[in-house]
Each structure stands twice: as structure tokens, then as C-alpha cells.
Amino acid sequence: MGILVDERTKVLVQGITGRQGAFHTQQMLEFGTRVVAGVTPGRGGREVAGVPVYDTVEAAVDKHGATAAVLFVPGALARDAAFEALDAGLSPVVVIAEHVPLQDGLDIAAFAAARGAALIGPNTYGLCTPAGRAKLGIPPGRIFRPGRVGVVARSGTLSYEIVAALTEADLGQSTVVGVGGDRVVGMSFVEVLKRFAKDDETQAVVLVGEIGGTAEEEAAEFAKGLDKPIVAYLAGAAAPQGKRMGHAGAIIERGRGSFESKRQALEAAGVRVASLPWEVAPLVAAALGRAG
Amino acid sequence: MGILVDERTKVLVQGITGRQGAFHTQQMLEFGTRVVAGVTPGRGGREVAGVPVYDTVEAAVDKHGATAAVLFVPGALARDAAFEALDAGLSPVVVIAEHVPLQDGLDIAAFAAARGAALIGPNTYGLCTPAGRAKLGIPPGRIFRPGRVGVVARSGTLSYEIVAALTEADLGQSTVVGVGGDRVVGMSFVEVLKRFAKDDETQAVVLVGEIGGTAEEEAAEFAKGLDKPIVAYLAGAAAPQGKRMGHAGAIIERGRGSFESKRQALEAAGVRVASLPWEVAPLVAAALGRAG
Amino acid sequence: MKLFEYMAKDILRAAGVPVPDGRLCAGPEEAAAACRALGPVAVKAQVLVGGRGKAGGIRLAATPEEAAAAAAAILALDIHGERARHVYCEQRLDIERELYLAITIDPSSRRPLLIASAEGGIAIEEVAEKAIVRRAIDLPWGLLPYQARQVAGRLGLPGDLATSFADIACRLYRVFRGRDAELVECNPLAVAAGRLVAADARCNVDDDALYRQEDLPRTDEATVLERRVRALGLAFVQLGGDIAVMANGAGITMATIDVLQRCGGRAMNFLDAGGGAAAGPTAAALEALLSTNPRAVLVNIFGGITRCDEVAAAILDVRARGALTVPLVVRLVGTNEARGTEMLRAAGIAAFTSMREAAERVVALAREPLG
Amino acid sequence: MKLFEYMAKDILRAAGVPVPDGRLCAGPEEAAAACRALGPVAVKAQVLVGGRGKAGGIRLAATPEEAAAAAAAILALDIHGERARHVYCEQRLDIERELYLAITIDPSSRRPLLIASAEGGIAIEEVAEKAIVRRAIDLPWGLLPYQARQVAGRLGLPGDLATSFADIACRLYRVFRGRDAELVECNPLAVAAGRLVAADARCNVDDDALYRQEDLPRTDEATVLERRVRALGLAFVQLGGDIAVMANGAGITMATIDVLQRCGGRAMNFLDAGGGAAAGPTAAALEALLSTNPRAVLVNIFGGITRCDEVAAAILDVRARGALTVPLVVRLVGTNEARGTEMLRAAGIAAFTSMREAAERVVALAREPLG
């Protein structure tokens, strides 16, 4: 049922005693998420929203058998907190923070890969499997409804916009995943799509992309072999070009990365590309109608 | 037949164009070792003793299918050369150099462990399986004779002394391994003993140890469960105590490390401990007599 | 943060990478003095924008007089919208050959990436794919010398150049990691007098890591207005249209701009007010937007963390101060939506719930003849 | 290479580890000045040998006069055979509690090892095993902050001390790796005024890595003679007996010393002439040995790389220069054995092939009444 998280997921919140950590712990609990423990170094022994706080992940995992972590720590501390979660065997590990130094992002991704763990983020709103009442992160819980549409996106509020529109159109979601807005993130579109491909619950996928990078082009490559319908929305048709990374950026992208490159790649792979946000839900409905 | 190296071992010599590399390549070839290629960065295209030289291990392995490496590079360059060999999948990798910085030794050992490769050294004379005509390193070839005695030692010339005495007493060797004299070495006594334990050819083992560290005590622990006779010789009964590593050294060793600690541990494990070098061969002969 | 060439070269020099001898000069006299000290020089505009060579920002000078003239000419240039405040006078190289070498981040493999070519120079982006060597670098071990030698081998470099190339690559990698760089690039990495030397250098540093790079010099490409809005902690870029845009989130801001374009309008800026911005900064950002004289303003809020009542309060605050001199269209949904909408309605401002209707409305307002 | 306490503390201070304020003083006047500047001080002998406290090498001084007197007394002391050339005057700490913290190498696991105890101080080696926390550190990631926090948790340190302890541990680890240390040790790591401070510090640096630690200060524990022989590139330690020993290889040199003892003799030194030493250095080493007035000399060579004829040439060279004033016994086997033995025989020196016979012979010669 859905991917990555479900009703069995026991969530550890790192940075639980901070303002964001405490607020969203409350929100996650209200959604029904099984938040079993929190960690803030030096704050062990307290409680936040009824959740016990520990000094180390090790101690929290020992006591409560947490299986996944969501991190509400500032960007500068994300590397250490993520390593601690990964070393304790937690997966997925969801790094909400923005402004994580890129080199730290590389380190976290390398460590997660070595551990075989799913890393979500950094710079993500998190993920949610509505039917499992499992929300790890910051999206507003009211926008979700259980259903058959998988959603994978880079940016937050745009995802909420589209998920809310799906819900309004009676198109519930299997799992909604924000892969994160940084240049280096843990799971890519392709890796999330691979999981949706194997998930029986998911019957269609919405991909919310934007200009820059080549993740959408890579997703298009993968989509060619996928037998579930995908609807994409791409932001940035009218946006200015992002900052150039010298010649190296051009050599890596080799003409990819632009709105047109992404649109063409996706359409060539049979993906229906919406050019306005409100076109997504009708296209999904149509696709499911066809698929069903 | 023997352990780690045999007649199928295809040897790559790193640092082959140096004085030591060239001399010992000749010596290894004369012993019958299959030295298939050499590497010295910037010296590719030459030949040393008829062996073709390449700039990179990758190129040499591609062309000649080398399976093992022996490094004749100075201590300061050992880390890079060992990583190159390990990354190319070679095993064992034999690091002859002394004066390898300890932190580099730690790195090499960590990389070898991650690769699952056998690392011999640093600061070793190498190893030899006489029946396989496989000699990787610098010991004089004439002292070896094929046979049933496995030898594992820390220091070089003392090994030669004892191996030569075995040979003279008609006690040939299955494999002779110098694990290296540095504080951090790749394979320990225990790991070599494990291999000898599984080797049908090896019917008795000679362990040549010395004061300092706890490798002999750990070997004694392992020897308890071993059904092949072990004869040990320990050097340093009259030697001054080595340099102290602060309190930390004492906390690590906890009373182990001395001649007496090693002797007692080995004897308690049923190992016959020779107190003079020339007593080793007779003890081995007696043990084999008993075993046979 | 991009660094000026001379800053990048200072860093490379400190890391042991061969770079030509050079001096930073604020005017023609200093350039003449540099030429007297260094001999024939290249006089190079210090700008953060690319393509300065084609724009006339690099000139050769054999004498102090020529150097002075070159500096004066360059400092008067507009180089793709940027004006150099300094020139860098650098000993002239007799370049035999141009290579390319960079270390950057490969988002696809999530690893550092070494990119090299034996055919470098200004046409590097047109070099055939097969002439380019890419090597993803495994963390945490990083770029190891033998890997750099393998790359040198693939480039077909001869013995001594290969050794030097590998050494430089490892030093660049240390700069890349140690300086929190997003990019370290030498183009060309020149062969001069038989030796490799970084004839040009570029180093972009990760903004998010500047807190731990305290000893690095700072540069800033932003306009005055951009700086003013960014000082509020908000992401802001000026564009060319006439409708000021404020939304909460990078993706939805981009989408808002796209939607405006589809409706026949044109955004004046990209302003991501982020998630959870309080009334104070939101009001300040709105005032900054109004100071740019837009034809109309569109505020597009999908409140997740952001509370609609805070946004409404910010808008009312700006209007109370008399700063709301052009038509304003608000789209407001999400957390505390009812309360925010009610606050605006009480003040006579209609809030839309549909992004589409809000966009169509603001485009129509922007098209109306001025006051 | 061991560093003096003040050197170790300079390194820790530079790495951000809290250490008390202190001054290095060459004599009583400087000590008095330091006390005037710092207030009450601990005056500490700067020696490389351990156990200086029990030997009277640390004294407390409340006034400049007391500090001068303490310095004078300490500088006159013999501390386990070593004499301090400087004292280190350090602000006195009001120590509430003593912890122990070290990073060293664990040969068994081939990893760096963090060792810590909540019960530190001079009795650390007697602390119960269960009061000691060991944590092997995985390379290449190194000691990560959360791991240090786990250790702090196991030590039972309260909140703020735990955070500070973890921070210090990570800084020590960076010193350990970055300075090529074999050992970095704080004992005690003191709690004073509620904060952690390295009251004493030890840093041993890997001799084999000194080439890349050029900016580190140098120390030397060796005697003049040891320095002379080590300058030849040979390993040398002075012992207490009367038979000078030269062999080729550390193991065989140790074994030779053992054999001498079993035969009733006593070695005067440990001299490992290494593998492949040429005639020149071998002769120089032999001459250095002879300069120490042994009763007899034993040369024990099993030639692998070492060539017996080179050894013979060295011996004949020393004799030709008239330096061979005491009985010499040679054991010579291995590469070019026949030629070496023949060279010696031609000069009237009998070479043994049996180590046992050579040892018995040299012990007998050393027992003979002097000339």
C-alpha cells in the first residue's frame, strides 16, 4: 500500500525540541503518523507532544524500534543528524532542511547509498502515504486523500497545489513524495518511479518537475518502459535561466535542462505534459479512465 | 596447495623501474614467479627483465590479467599504489615498503577490507609458496623448499633464519607469509592461521613473533581451536621495552604485549614455544612425527 | 557565489596549482606598473559574467603604455551588463596547447565529477563528446592520484604532462571539497613552455556553505533591489515584465510566472516568499516590489505553513501606509484561508481562490491604460 | 616523536580544544613574569618522559616568588634520566573532576580508537575495565559527532558536558588524522568552573609522516650516540650490557640479544643494520659501536638482500683503520657467503655459520680478563 512509508512506519523525529520540530510533530501526530520518539542532543528526558525525547538516535531506536527518521535540524547540522539516522539503520531518512551545504549533501547521499537506505531530500516537504496515515514532513495534512495516484515532485507548494486539485477532483493518492529541491538529493524521480512501478496500489503517477538539471529527462527515459500512465506538469516555461555552472554545467547537461528539452523528452516517452497546473487533474482522470 | 599465492598467481610489480623493483623482479622471475607486468607512472612502454611496463595498473591488468600485486614503491607513495591495486581487484596486495605513515596504513587496511582483498604488509618481505614457484617480495629464493609447514612471521631476516633451518632439516614449507612489521598491517597472524587451517597441504605451522602488540595473544586464542600443531618462536625476551604510547597503550594492551604474556598465552593454547631459534626445526619435526 | 578570476587563482596558487604571475589593478597607472614588473601582460577584465573575451574584456599589452591603454579601455566597457572595477594583469603565456579540466557536482550520480578534455579553450562546449573524459568520484575517499593518472592516460597526455595533470587534478579536487565549491574550472589549462598552467580559472562557491568559509573573499552579483529583498531572507530575481509577483515556494512562483505568460501578461520578478514567512517580512517584500513601479501586483498564496491571515495582515499594513498605489490581485487558499479572506474583504479587497482567475484578472488590470 | 606538553597544547588550542592559558619559561625570572601575568600557576617540567608529577616535576605557585622558586627547583631535577630545559607556567585550575580521553591506533582492529573514561587522572591505568569506553572509528568517514555523543552518553556525562566532550573528541580526532599522530591524549580532561579543559595533553607524532608535517616543532629523545648511528639510517638503541651487537633486521637483532642472554652474556645495544646496507654505512656503524668501549663485538648477518662480501669489506675497512681494538666475532651466512667468509679468513678472522656457536664464542671472549 503506497511506497516507502505506511501504517507500520515508526517515525523518529530529530530536532524534535526546536520550533519547527515540535510544531510538525504535533501535525504529524494529528494526521495519525506513528511518531514514536524524538532526539535532540542534550535534551534527552523531555517530552514533546507526548513523544519521549532522547539524546541519541541509538537510544531512541533501542527503546522504541523506530524504522524511519524525519529531520528538523538546520542545514548546517543535517549531515551529522542524517549520518546518525542512517548509521542506526533507519529508512527512509527525510531531510527537511534547506541550505544544506552541497558537499554535505554529497556525503549524506554517499553514506545512504552505502547503507542501502532511502534518503528523501534535503530541502523537501517530505512524503505521505494517506491510506497509511503516514506523513513524514511538513505538508498540510488536509490536502491528502487515500487513492491510486502516486505523486512525485521537486518543489513544495506547487505539489500542494496539485495534490489539493487531485483531491478536489476525487483523485486520491497512494503516496506523495517530495524528492527535494536541492541539486543533490537522495532519491531521484527515477528511483521513486521504480517504486511506484512495483506498487499495486498506484495506478497512475503525477510528476511535478521544473527547469534545471536532468532529472525529468532521466525520468522520461525510465517512463518509456513503464506500463502505468504518467502525467507531468513542468514549471519554468517563462522563467529565467538558472545560474550557469561554467562550461562544466553545459557539458553535463549537453542541451538538456530546459523546459523544452524536458517537455519533448517526456512527451516522446508517452507522458502527458500539462502546461497549466489546473490541467493536471483532468489529465489524470482521463488517464485512469483509459487505464481502468 | 599453500595459501594466498600459487602457480596460477599472475603478479603485477608496482614500482618496477626502481632499483629495488627491477632487482627483485629479476629475482622473482628466477624463482619461477609469473610476473606478467609492471607499473611505473610515466614509464609505460619500457621493459624490465623482459616484463612490459605500464603507466597504470588498470592498463596492465587489462592486458595481462594480473591477479596479485607486489609494491616496490617508497613509503610515502604506498597509499596511492596500494589503492590503485586494490581498486583493480588484485589480491593479495603486498606492500614491501617500510616507513609507510601509520595513517596511510590505516587507510590502506580500511580500503582492502572494504574490497575484501588480502593485504600483506606494509613493511614485509612478502610471501612465498615454494611448490607453486610463487614468490612475491624480497626473501632469498634459495631458502625455500616445497613441503608441509606453513610459516607466518613478523620480521624478515629472522624468518629467513628459521625457514633456512627448516629447509636444512628437510622440513619444506607450504607457504611462508611475512605479515609485516608495522603496527598496522593488513593480514594478522590470526587471519593467516585461518587460511593455514583450511589448507590441506599445511600440516604444521611455525609462528615467528616478537614482543609488542597483541597479535601473538590473539593468535593463541585462535590456536586453541586448531587441530594442526603450531610451533612458535618469540623474539625479545631480553629486549628493552618498546616506546610507550601514553596511558592509551597500556589501556589497549592491559598487561599483554610482553614476552611472558605471549609465551604464556601460546603455551596455554597448546603451542610449543621455542626459546632459541635453532630449537624451532626440531620441535616441528617432532610435532609432525606425532601428527603423522 | 562566483569568485573573480584573480580570487580563484589566489586559491589555486595556495593549493599548489601553477598559475601565471599577476597583479590586480584598479586603473591604467597600476596596470602600467604591473607591466613594468611582469613584462608583457594579458590585461583581463575582472567580471563575474562569462564571455568577457568576445566582449573585448581581454587585451594583450607588450609595454606599460599599452597596458595602461588596455586597462582604460576595459574599465570603460559594458560586458554583458557588468562593468569591471578591476583588471588583472598577468604575465603573458606562450600557449602551445589548451586543455580543459573541471571538478563539479553531478546531480545524476550524486557524486563529484571530474571533466577533462585534451581540446580546451573557448570552444570547449562544441568539443565532440568522445574527446571529453568524465570520471565520477567516489566519496568519501575522493579523487585518488591513480584515478587522475587514468584520466590523463585517457586524454593521451605524454609522460610528464600526464603526471603534472594528475597532480593538478588532485589539487583542484582538494579545493573543490575544502572550499565548498560547486565548480572549480581551468579553461584553458594551458601548456606553455612545456608545462601545465591554469591560464584561466573559475571557482563558484556554495552559498549555503559560506558560513564555514569565513576567510574567503565575498562577491555579489545582485542588483540593489535584489539585495534589499534578499536581506529579508527571500529568494528574488528581477525579470523584464510589468506585473510584480509574490508567491510562496520556488515551484509555485515559477508556475505563477508561467501562468501569467499563458494569460498574456509578463512577470516583472521572481519573488519566493518561502514557507511560513511572517507578516513583517512579507509586508517589507511587498513594499520593495511596489517600489519598482509595476503596472499591477499578483500575490499567490497556497498556505501550507504560510498562514493566510498573516499574508492578509501584511497587505493591509502596506495599504495603511499608503504604499499600495497600483492594482493588487490576491489569490489566497490554505491555512486560515477564511480568516485571511475575510480580513481582505472587510478592507474592500477581493481574494480569489482560483489561481487561473487571479492571473486573468491581474493581466487585465495591467493592460488598462494608466491612471 | 613525542611532543612536549606545551607543543601538544599549542596544537590542541589551534584546533579549538580548550586548554589553560600558559607560558613557556626558560628560567625562574620568566616563571615569575608568567605568574605576574597569569595569577596563580602550575609550574610544569617540560620533559618527554612520563611520570614527572611523582618525580616532583609539577609544583603549584601562588606568587611570582613561588613560581621562580618552583622553576629553579624543577630545572635542577633529574626526571627519570631527563632534565627539563623549560618549565610551562599555566593558569591554575580549580579541578572538580578528572576525565580521560585519547585517540590512538588499535592494531587489532586496524582502526583509530577512541578511549574515554569518566574517571581520569594519574590512576587511569588502574581504572576498572567497565569504567572505560572504547570506540573503534570507521575509516574513511572518521569520528562523527553523533558517535562522540554516544560515547559521552555511555560515560554518563550530563547535557552540557556531554556536548562539550563530543566536540572536543571530534577536534582531537582531527588533530590525530591531520597531524599524523599515533596518540593524542588528554589526561586529565578536567572539569573546572563547570567546563571541560585539557589540563594535560600528550601528542605523539608518527616519525614516518614527519616529512609531511613540516610545520610541526621537532623533539629528540635520542642520546648523542643514538643520533650518530641513526644519522646513518640505522635503527639503534643503547642497552646496558658489554657486548656490542650488529645484525640485519629487527627480529634477528632481538633474537641475537636473546641468544646472548641465554648464553650468559649481555648486549650493549640494539643495532639493526637493516637489509641491504652497503659497506660504507656498515663500517661507520661498527666504528660507532666500537667507540662505546664494549668488551667484545658480535656481527650476526643472515644475508638476504645484505651481501656477505659487503659486510666483510666493512669489517676489514674498520680494522685497517686500527679501530678494531676489542675481540670481534662474525656470523655470516647467505648471499655471497663464500666470498665474504674467504675475505675474512684471508685477514685472519674466522666467520661462523652457526648463530649459536658465534654467540657462545663472543660471550666467552667478553668474560676474559681485560688485556
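In order of appearance the chains are A, B, C and D, and numbering begins at 1 in each one.
As a convention for this text, a contact is a pair of C-beta atoms (placed from the backbone, for glycine too) under 8 Å apart; a residue touches a chain by one contact, two chains touch by 3 or more.
This is a predicted model, so every value here is computed, not measured.
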Other chains in touch with both chain A and chain D: C
If a chain touches chain B and chain D alike, it appears here: C
Between A-C and B-C, the pair joined by more C-beta contacts: A-C
Distance from chain D to chain C - Cα centre to Cα centre, in angstrom: 54
Centroid distance [mean C-alpha coordinates] between chain B and chain A, Å: 51
Averaged-CA centre spacing for the pair chain C and chain A, given as whole angstrom: 27
Shared interface positions of chain B, touching two or more other chains: none
Where chain C touches two or more other chains, by residue: 140-141
Touch-based graph of the chains, sorted into line, ring, star, complete or other: other
All chain pairs that touch each other: A-C, A-D, B-C, B-D, C-D
Parts of chain A lying in touch with chain D, wherever the complex brings them together: 41-44, 55-59, 80-81, 83-84, 87, 111
Contact set on chain A toward chain C in their complex: 75-76, 99-107, 109-110, 113, 125, 138-140, 153-161, 164, 181, 183-186, 188, 208, 210-211, 213-215, 218, 233, 235-240, 244-252, 254, 275-278
Touching residues on chain C, where the partner in the complex is chain D: 140-141
Of chain D, residues touching chain B in the complex: 50, 100, 102, 104-108, 110-113, 115, 124-125, 129, 132, 138-140, 177, 180, 182-183, 185, 187, 202, 204, 206, 208-209, 211-212, 237, 239, 247-252, 254-255, 257-262, 266-267, 270, 275, 302-305, 333-335, 354-356
Interfacial residue positions of chain C with respect to chain B in the complex: 141, 144-147, 149-150, 153, 159-160, 162-163, 166
